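After the structure tokens below, expect a handful of questions from me.
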Amino acid sequence: MFTKIFDNINNKHPLVHCITNYVTVNDVANVLLACGASPIMADDVKEVEEITSLCTALNINIGTLNSRTINSMLKAGKKANELSHTIVLDPVGAGASSFRTNTTFDLLENIKFSVIRGNISEIKTVDKGSGTTQGVDANVSDAVTELNLDEVVAFSKRLSKRTGAIIVITGAIDIVANSEKAYIIRNGHSTMSKVTGTGCMLSAMIAAFVGANQEEPLLAATAAVCTMGLAGELAYKRIMEEDKGSSTLRTYIIDEISKMTAEKLKEGAKIEIK
Amino acid sequence: MFTKIFDNINNKHPLVHCITNYVTVNDVANVLLACGASPIMADDVKEVEEITSLCTALNINIGTLNSRTINSMLKAGKKANELSHTIVLDPVGAGASSFRTNTTFDLLENIKFSVIRGNISEIKTVDKGSGTTQGVDANVSDAVTELNLDEVVAFSKRLSKRTGAIIVITGAIDIVANSEKAYIIRNGHSTMSKVTGTGCMLSAMIAAFVGANQEEPLLAATAAVCTMGLAGELAYKRIMEEDKGSSTLRTYIIDEISKMTAEKLKEGAKIEIK
Amino acid sequence: MFTKIFDNINNKHPLVHCITNYVTVNDVANVLLACGASPIMADDVKEVEEITSLCTALNINIGTLNSRTINSMLKAGKKANELSHTIVLDPVGAGASSFRTNTTFDLLENIKFSVIRGNISEIKTVDKGSGTTQGVDANVSDAVTELNLDEVVAFSKRLSKRTGAIIVITGAIDIVANSEKAYIIRNGHSTMSKVTGTGCMLSAMIAAFVGANQEEPLLAATAAVCTMGLAGELAYKRIMEEDKGSSTLRTYIIDEISKMTAEKLKEGAKIEIK
């Protein structure tokens, strides 16, 4: 199922331009290398267009948003759109402050994203900024469970239709949806929430996976989500065996990503189509 | 002794707003998750008031101070004071440049801190900015040893009285003092100085521990200091057994914090009251 | 061969002022501690002169260059030159954008560097900004191999003569050259390219090694390069034995640096003089 996806990453070594937060930036760079891609971090408005032109994909993450880099995000995004590059938005904390929410809306208005990844409350904030008028989707609850899964899937498909982006909602259950089809992924382990940056790392990986597989973006994004989830499971198993804690879990998640193959993923992936 | 302290953290999961340096920020975020709290890093002046309002505690660290974030620190601090949040100051490098020293004085003048944590020379700089006129405390030497311990304890109590903040001085021997009582902690291991960020991590943990235990701030701060020290001892023991080095020590310190319990701490804490 | 180099670091504990990128800054700080030095990160124009005055060496890295810190780099560099401190330039990404290239040229024009370290394409960009008029060196290919090694060595010596700096080119084969003599180092392992920051860490280590050994800068820089390479080999061996991946490799590289001695290095170093 994922053989071609992995082959393309390993053959193309996609270069991913990241304008991202300073909290998890090192893990983001290392996870890109681990999965067969390469990172380049550059956020000054004087160089983002040139840098993004060298790349396959652009990953915009608003985790430690500041006034200086908003313009860089907009410029890089527009240039990447011109070049038909893959662009991922990770709207970290959208909804937590009007600054982040408004910036998210600005980015959505000016850039056509290939993928938007967040937790359910961030994606609901994205929904508010994507031109919905009925506001019905605001009823979607703030956690994805087996009980409201169908509702969230339908919401994701509608949002994908409106934005043109693949919607990735991560949590206990992960959803990867375009307007017509959704993959539901039940990999991962709850202890991953003890590690900062698994979301940021995943968004960067999605940029790499989709960037190297532009003809199969939905499956590529799904492969990235499964890889992160399965790596989390394997890492958790190992820290339990070795009586280790949350920082080793972080290390082992990236280790497992660096050792992931299409075969391992096929065996471990817990995917359903809706 | 620490059961209620730990229970409160585990039940309340305090959210800690960090305006901190970019050197150790990832470890700070991970250690907050490890100890049962949650981090949110935000330093833009346009959002710090909103963000800090969502939180239980604010942690201000001047480690890579820059002109852009000083105003953010002041705004966040004033808002957190209005809301009676726990606020910790980590005056990294105060005394090393007039920029850091003056900013420390500005912060002290405008924000009422719950806790101020630093090494002895940073805390002596704080003392200069806290309205002392006699200058006697300047005689306190630059290392805390068994020989000058009583003198430093007396200094800490006086400084606590003047500032209204709990004073935490860390080094080979750690001191946690309010105006009337001081805990002396002899946990930790000298090899911890081979890892950057144990001080920054500790300040963030103190914000979490005190934030979740506002009725017992002195004991909560002491629990945080003991947790870091004991984690360092356990981590050091393990790297020696496994023939590892300073980077694994860093990993294992956070691991041990993620596995710490009130029972383990009771058994391992080396505390004296002065 | 390296006994005195290591002794000087361990006795002098050089303090290294780093103006560096936010991607690898934590690893840079930890590797400096691991090798017996101390880091101080400070990039605000209001304090860089004071901070660099306290130090033995200055390490300038343009990895996430932004307009705010260029002036800080220039001011710190001029002050460090006044004080005859060791100064290292790591022109990360020079050539990838005109912003980085022009900043590199500005730095070269205004600061006299002790060492310039980069990969071959970064160093070729440095060459363009160092007053060459013939442009012959532009013919040097973009990878150093056994086939073009003599040519690259000659290029390095010429560039060293023109700039007055020791030139360090790292890749599969590493070169450390002044105008008359070059050390060729064949330590390291290809898997190190799966870890971000080994170059940044090495530049900081060079600053520490040379700073503590100003009378033997070429040998000191060579010791730093060998240390990183040998640490990579030992770390790679260990992750293979333990079935681990790229993030543990990162951890073990720093571990091995923290355990490195002159004796181990003598045994493991693969050095040739040209």
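First chain written, first letter: the chains are A, B and C, and each begins at residue 1.
Note that a residue touches a chain if its C-beta (ideal position, glycine included) is under 8 Å from a C-beta of that chain, and two chains touch if they have at least 3 such contacts.
Source: prediction; values computed, not measured.
Asker: How are the chains arranged in terms of who touches whom: line, ring, star, complete or other?
Answerer: complete
Asker: How far, in degrees, do you have to turn chain B to put its CA atoms on top of chain C, rounded to the nearest 5?
Answerer: The rotation relating chain B to chain C comes to 120 degrees.
Asker: How many angstrom lie between the CA centroids of chain A and chain C, rounded to a whole number?
Answerer: So the centroids are 34 Å from each other.
Asker: Where in chain A do residues touch two or more of the other chains?
Answerer: As it turns out, chain A has residues touching two or more other chains at 22, 26, 68, 250-251.
Asker: Write out the stretch or stretches of chain A touching chain C in their complex.
Answerer: Those residues of chain A that touch chain C are 22, 25-26, 29-30, 33-34, 39-44, 46-47, 50-51, 54, 68, 250-259.
Asker: Any idea which chain B residues touch chain C in the complex?
Answerer: Chain B reaches chain C through residues 21-24, 26-27, 63-68, 93, 96-100, 193-197, 244-248, 250-251.
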